[in-house]
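Each of the two complexes below includes chain A, the first together with chain B, the second together with chain C.
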Partner chain A sequence: MAQDGILPGSGSEERVEAPGETAGQTGGTVHPGPSRPGADEPVQLIDSSGVRHPHDHYDALVADVDGPALQKLYEDMVVVRRIDAEATALQRQGELALWPPLLGQEAAQIGSGRALRSDDFVFSSYRENAVAYCRGVDLADILRVWRGNASSGWDPYTINMATPQVIIGAQTLHATGYAMGILNDGADAVAVTYFGDGATSQGDVNEAMVFAASYQAPVVFFCQNNHWAISEPVGLQAHVPIARRAPGFGIPSVRVDGNDVLACLAVTREALARARSGGGPTFIEAVTYRMGPHTTADDPTRYRDANELEDWAARDPLARLATLLDSRGLLEADYTDAVKAKADAVAAELREGCLSMPEPAPSDVFRHVYSEPNSWLERQQDHYERYLASFTPAPQEGPR
Partner chain B sequence: MTATTSTTVREFRLPDLGEGLTESEIVQWHVAEGDTVELNQIIADVETAKAVVELPSPYAGVVVRLHEPAGTTVDVGAPIVSFAVAGEYDGGVPAAGEHGPAVRAVLPGPSVADEVPAKREPNLVGYGAAIEKGGRPQRRHRVLPPSTPAMAPAGSAQVAVMAQIPSPVPAAVAPAPSGRVLAERPRSTPPVRKLARDLGIPLDGLQGTGPGALITRADVLAALAGIEGSAGASSSAPSLPSQASSPDPRQAAHPAAGQTRIPIRGVRKHTAAAMVASAFTAPHVTEFLTIDVTPTIDLLAELKQTRAFEGIRVTPLTIVAKAVCIALQRNPSLNSSWDEATQEIVQYADVNLGIAAATPRGLLVPHIRAAQSLALADLARSLTALTETARAGKTSPADLSGGTITITNIGVFGIDAGTPILNPGEAAILAVGAVRRMPWEYQDAVALRSVLTLSLSFDHRLVDGEQGSRFLADVGTILRNPAMALTMV
Partner chain C sequence: MSTMTFGRAINAGLRRAMDNDPKVVLMGEDIGKLGGVFRITDGLQKDFGPHRVLDSPLAEAGIMGTAVGMAYRGYRPVVEIQFDGFIYPAFDQIVCQVAKLHYRTQGAVKMPITIRVPFGGGIGSPEHHSESPEAYFTHTSGLRVVSVSNPQDAYTMIQQAIASDDPVLYFEPKRRYHVKGEVDEAADPASSDMGAARVVTEGTDVTLVTYGPLVPTARDAAVAASDDGTSIEVIDLRSLAPIDFATVEASVRKTGRLVVTHEAAQSGGLGAEIAASITERCFDYLEHAPVRITGFDIPYPYSKLEFHHLPDLDRILDGVDRVMRRPNSLSGLEGAPTPQGAAQ
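Take a look at the complex of A and B:
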């Protein structure tokens, strides 16, 4: 799986202007100061009808994204949507206990995920499976936890992405701590943390922002405002756009159309460049929509209006990019067939990986808690194994 | 998939589609026996406690058996459909356009059924405690303006798994006008929202005059005045132009002039539910007995002079309570309840004597535990304490459940008699009327006596007319002449 950015030599972030030069641009740019008219309008480069609009500031950040790069972004989004659909099907078939679909949030995750360098480190929630895909995760590893097969899906250092955090917002603290470590190391990597609109109500997220600002830590807060914290609409907990909160912490922020993969790529690159150059944290609010349920155990029709879903279906991230590609003659049958074949292959790989996962032994529960053995734990394990052995029938060969 | 010589039959067992579900209903089959299905093709709609979901086929093959018809509620882990699957999965990547069935040699999924305790009440993750059924909707609907009717009705809005997989061809792309902003809930404050809800004024028709178009109390009151004005004049321009004239069904909930609409909740709601349940499950019989209670009134006057009753409030109700306890010992069927589930009548040794109390929260029936064991003075104290606690709103839930019989003192309102409705689960309820000075037969002449009417309702399922009548007569006997209690204990 491709781990690099979408670009040949994906170090292009370094070419970005310094953050000080960017302030005061029109249309949703960073606003650490008082909010200005229009600042709440999300940055958009591709509108919902697939038309590319020029942008004074952000065009420069994606100047290198040519036709093939756009096609790769599209392929990524199709593939991750397919991964998501296949995992949802696996849950319905009893192969996964639960699955949190990302349907509708592909652009926010792919756009930001493809902006990262391999030495950046991601701390995500449980819905960022498309980001994990960008990091090059082994597909089956995404499913381990949801199959109840492992306590954790993968070794975080193999792909520089922590395994999904289920505790809402806790990963923002981990990211800030990691970013403070980067400062101490004198490195130019960036910690990127993903969370939702609901998480911004958590103390953890606010504490993380205080520390990030205090230490000017190289961390990007990537908030996917998908409009629903399970069943609570975002308007309930955010009477002003969430992005407006960050300046209160001393963190510059930007709102971006989270269904516009190019805009997400652009704003993330800018934030990364700021962090790498010592400019400290950035808060990105990607305005998107959770088209599916919160998890497979949820029924969103109980709490949200079908009209709302329709409105957002019209802003689908894949459809608008497909339209743009088509208008540029980049959506020929050869290409779409290849994308479909790739999605089919990935789905088959995912399914096979899920079904062939070995069941862990009951005593494996003792294996990953302590890094070093200790007598206390060994005794517990011994007792547990003898307890389990009591269920197997005794050998029959003895005297009767 | 290449042709193979053998087929294998695979059972698909109903998985736990939510978190902690034990059963689901098969709403509809989308396939029939003999149909060939692809992997992930939707084969059924299944309704769980949480949602209606579509079941994608776990195999590519032929449906050989549908184990359960549509409409059946199936336990998690029970087989619902069997497939004939061609050959075994060879591990290779299927050709484009063909889905590999990826079958396993074992049945799909850990067999959850065996581990699920039989009567476990599913506690569904993300939904908190089970909500009470039949009440008001737990969430108010967010009413949004109608959107562009371009797309097919998104009614079910369930995750149609395969349908969501994008076709790379953008044929279905129907871009709506961009920049259309989703309507937010009208801005207001909680007290004003409540006011509006209580008055039946929908906020989304109002133009807020507060800061940031915030709808204020004044706006709501102005809208109310507009409605009332228009209701009176029927022609003058209402302040809710679109709302007031549209055939919005919510209009029906607007109070006309002179009406107040009070949300049904709390004690009112529980009282209503309890009374409906009682009235329509227990066949009520009500009997009346009017008696001369002058000796009881004399006794009360005497007791008040007694040192043992100093500072204790003794009323006719005190004596009635004592009389009920005594009479119940002779007629235990009235101190019992009907257990429909076990088909048993439960008789109670203790009299947990409920007293209907009008409190600021509404009608409450706290009770005195083992009232039959209390001496008259203690009973009097308990009655006083009970009603005071109830009126202060401090009655503990334990004192509100577990009563075995109830007395309701309608006499305090100057009422003589009525047909009380049983407190659910109890076999009898006694209404005590007002004590009146009335001309009454006394020693073969008409005299002015203290007279009171008792009204007893009982559950005819477990109390016959004979026992009910005997009980009422016993209570009457004691009140007519308290000394007669000596003959009963």
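Take a look at the complex of A and C:
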């Protein structure tokens, strides 16, 4: 595995294989820097061929994950993949303006998302729809912003998850500040922030790590290294594995196979426990792959090699768990039928929620800019309403 | 009533806000033990503890972004930006997050953040320490912007800004920090409105609109003009976004003449907005086009030249002469109004 000398444009710099190398490590979570051989090797509990490998340290963190729990994780991943496919279809059918697919990143998001407590608070980017699913979001709310019916989808306090952040990396500071508030409150909740490999180049992300370390804030930095920031390969953002940066800030870090749902669950649980017990922040780099385009407006064939896609398809997060379940007799037809029925039902609910979404009223354009009355805005609204009223009959959607 | 400096009045207002609401936290560089480079937060960390008065790492975007997170958690952060020229690293968090989160979340998330900014020139400082960046923020929907000009307003309006559920930029004229004035510490902040402009001196010939550091200068100009028989009505805007145009409009309907003065550069500045809005609202009452007396469209100059850049009493009076159609520095210029001698 190449560790140094990654040239911009070289694309993926690592291969998530050879699980045996990590198995011998104990307590292999605190990244010591590049000096320790094997420390850059992602934590892996289920390899890409679906074989479960024992791990001295992380097995204990997922000891409760029995057959039915594994089946539930699989169901989650199938359902969110289906949500993703349905939303992509809705975009192609003209019902959504845009959609950012998470295809390939299901394990990273479900594994981490299922580790959270309801009083934890998530600050994500715009691709964490599987995390929102874990938080219990109303399905149509995921689509609201992409349909253009609202500037974001849900009330963050109902599911303890901020609505998607579009400014790259900005949310990491919000999570850190929220965690500082948790500290002040004397609570044991944790703020968890999701961002990508591209975001790690942003000043905000680096400042967030400075603040998190300085105040020992209970925040988990969950970086999904999906190898691509639109067309820019991760090698353009970082010349060393991204997880190596955090120790420089005084933050322990861990690399995890982001396509291994069990490993993602394990490392996130460990980070959350550290934060709850006063141990401060943790940085997790989940090494995964964006199998689809950046958004439905993107064309990855212009910048990405088809062979690379094939390589990563062989490490699919769902396929490997299916293989593992099958090997344990947990993939019988009645189970897979039930999973399929669930995914179908969720997709139908999503579509119905999308198509039946109420249209905003013209005057909504002025709503919620301020929480208190504002004389400038009131005047503009008054004038615009007079203008609209000057039409006979008044147009439903304003002037052409 | 007690007499205190401008700076002490802000300190007293902060203290009262912190006493009244345990969710009020202060964040900023050097604001703890040192009490801030201007000592505005002097003694507050000692009295309220380091969890209420946070010395921040030296990163303005980080301070603003973590303040957003604190607000998400239910706190009312008061952020100190050490100097006006240091606010730009935080610009993205202010404009894209602080200003927009209430709109983005359809009112679910409030951002009751107060951003204190010592601003303006006149203190002989090097670059980045004397700027007037208020127009960037008055142009940003979702923010409220205020500027204070005297100890009483400083005391009351800092509390009103903190109490507001909307984010407020609170611009403090640093060259007036040591000015003393009477402050009624018992005044209830809820009994007045920081959005309302204040008529500083009444007059009948010219409306002179300003805010922050130039309010005392404008008042002095009004006194000097009265010696020449010109009656100037000075308005301290106090709120820069939104501007209380009703008060300005009522004054201009009376005087028929408008001069706006601010330290900030002219083009695209608040003076332009005020001139345009007042012209739209009461064009038929104007005896002369509104005139702006402002800083030039230059980077803030080195200190030996700063008093050429900053509007002063004489430049303001020259503007008054223009709207009064008296001989003035632009008399005879093509496109400039023709002098008609004495006022009508």
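Following the convention adopted for this analysis, the second predicted complex is superposed on the first by the 357 of 400 C-alpha atoms of A that agree within 3 Å, B and C clash if a C-alpha of one lies under 4 Å from a C-alpha of the other, contacts with A are read in each partner's own complex, and residues count from 1 in each chain.
We adopt the following convention: a contact is a pair of C-beta atoms (placed from the backbone, for glycine too) under 8 Å apart; a residue touches a chain by one contact, two chains touch by 3 or more.
Note that the structure is predicted; figures quoted are calculated from it, not measured.
Following the overlay on chain A, a side-by-side fit with no clash is recorded for the pair chain B and chain C.
In the superposition on chain A, A:Ala179 makes contact with chain C only, not with chain B.
Touching more residues of chain A than its counterpart among chain B and chain C is B. Legend: residue contacts after superposition of the two complexes on their common chain; A:Pro358 is shown touching neither chain B nor chain C.
By the touch criterion defined above, A:Ile167 lies against chain C but remains apart from chain B after alignment on the C-alpha atoms of chain A. Shared-chain residue A:Ala97: touches chain B; no touch with chain C.
Once chain A of one complex is fitted onto chain A of the other, the partner contacts of A:Val369 are limited to chain C, with no touch recorded for chain B. Overlay on chain A (Cα): least separation between chain B and chain C is 18 Å.
By the touch criterion stated above, chain C contacts chain A in their complex at residues 25, 51, 54, 56-57, 59, 61-62, 64-75, 89, 92-93, 96-97, 100, 102-110, 141-142, 144, 164-166, 195, 241-246. Put simply, chain A touches chain C in their complex at residues 121, 123, 150-152, 155-157, 162-163, 167, 170, 172-185, 191, 203-204, 207-208, 210-211, 214-215, 367-372, 374-377. Chain B contributes residues 12-19, 40, 50-58, 89, 91, 93-94, 96-97, 99-100, 102, 104, 108-110, 112, 124-126, 139, 141-148, 150-151, 153-159, 161-162, 164-166, 168-170, 172-176, 178-180, 182, 184-185, 187 to its touches with chain A in the complex. Of all the residues in chain A, the ones that touch chain B in their complex are 47-50, 78, 81-82, 85-86, 88-89, 91-95, 97-98, 101, 103, 148, 230-231, 233, 235, 239, 291-311, 313-316, 318-320, 322-323, 326, 331, 335-337, 339-341, 343-345, 347-349, 351-352, 355-356.
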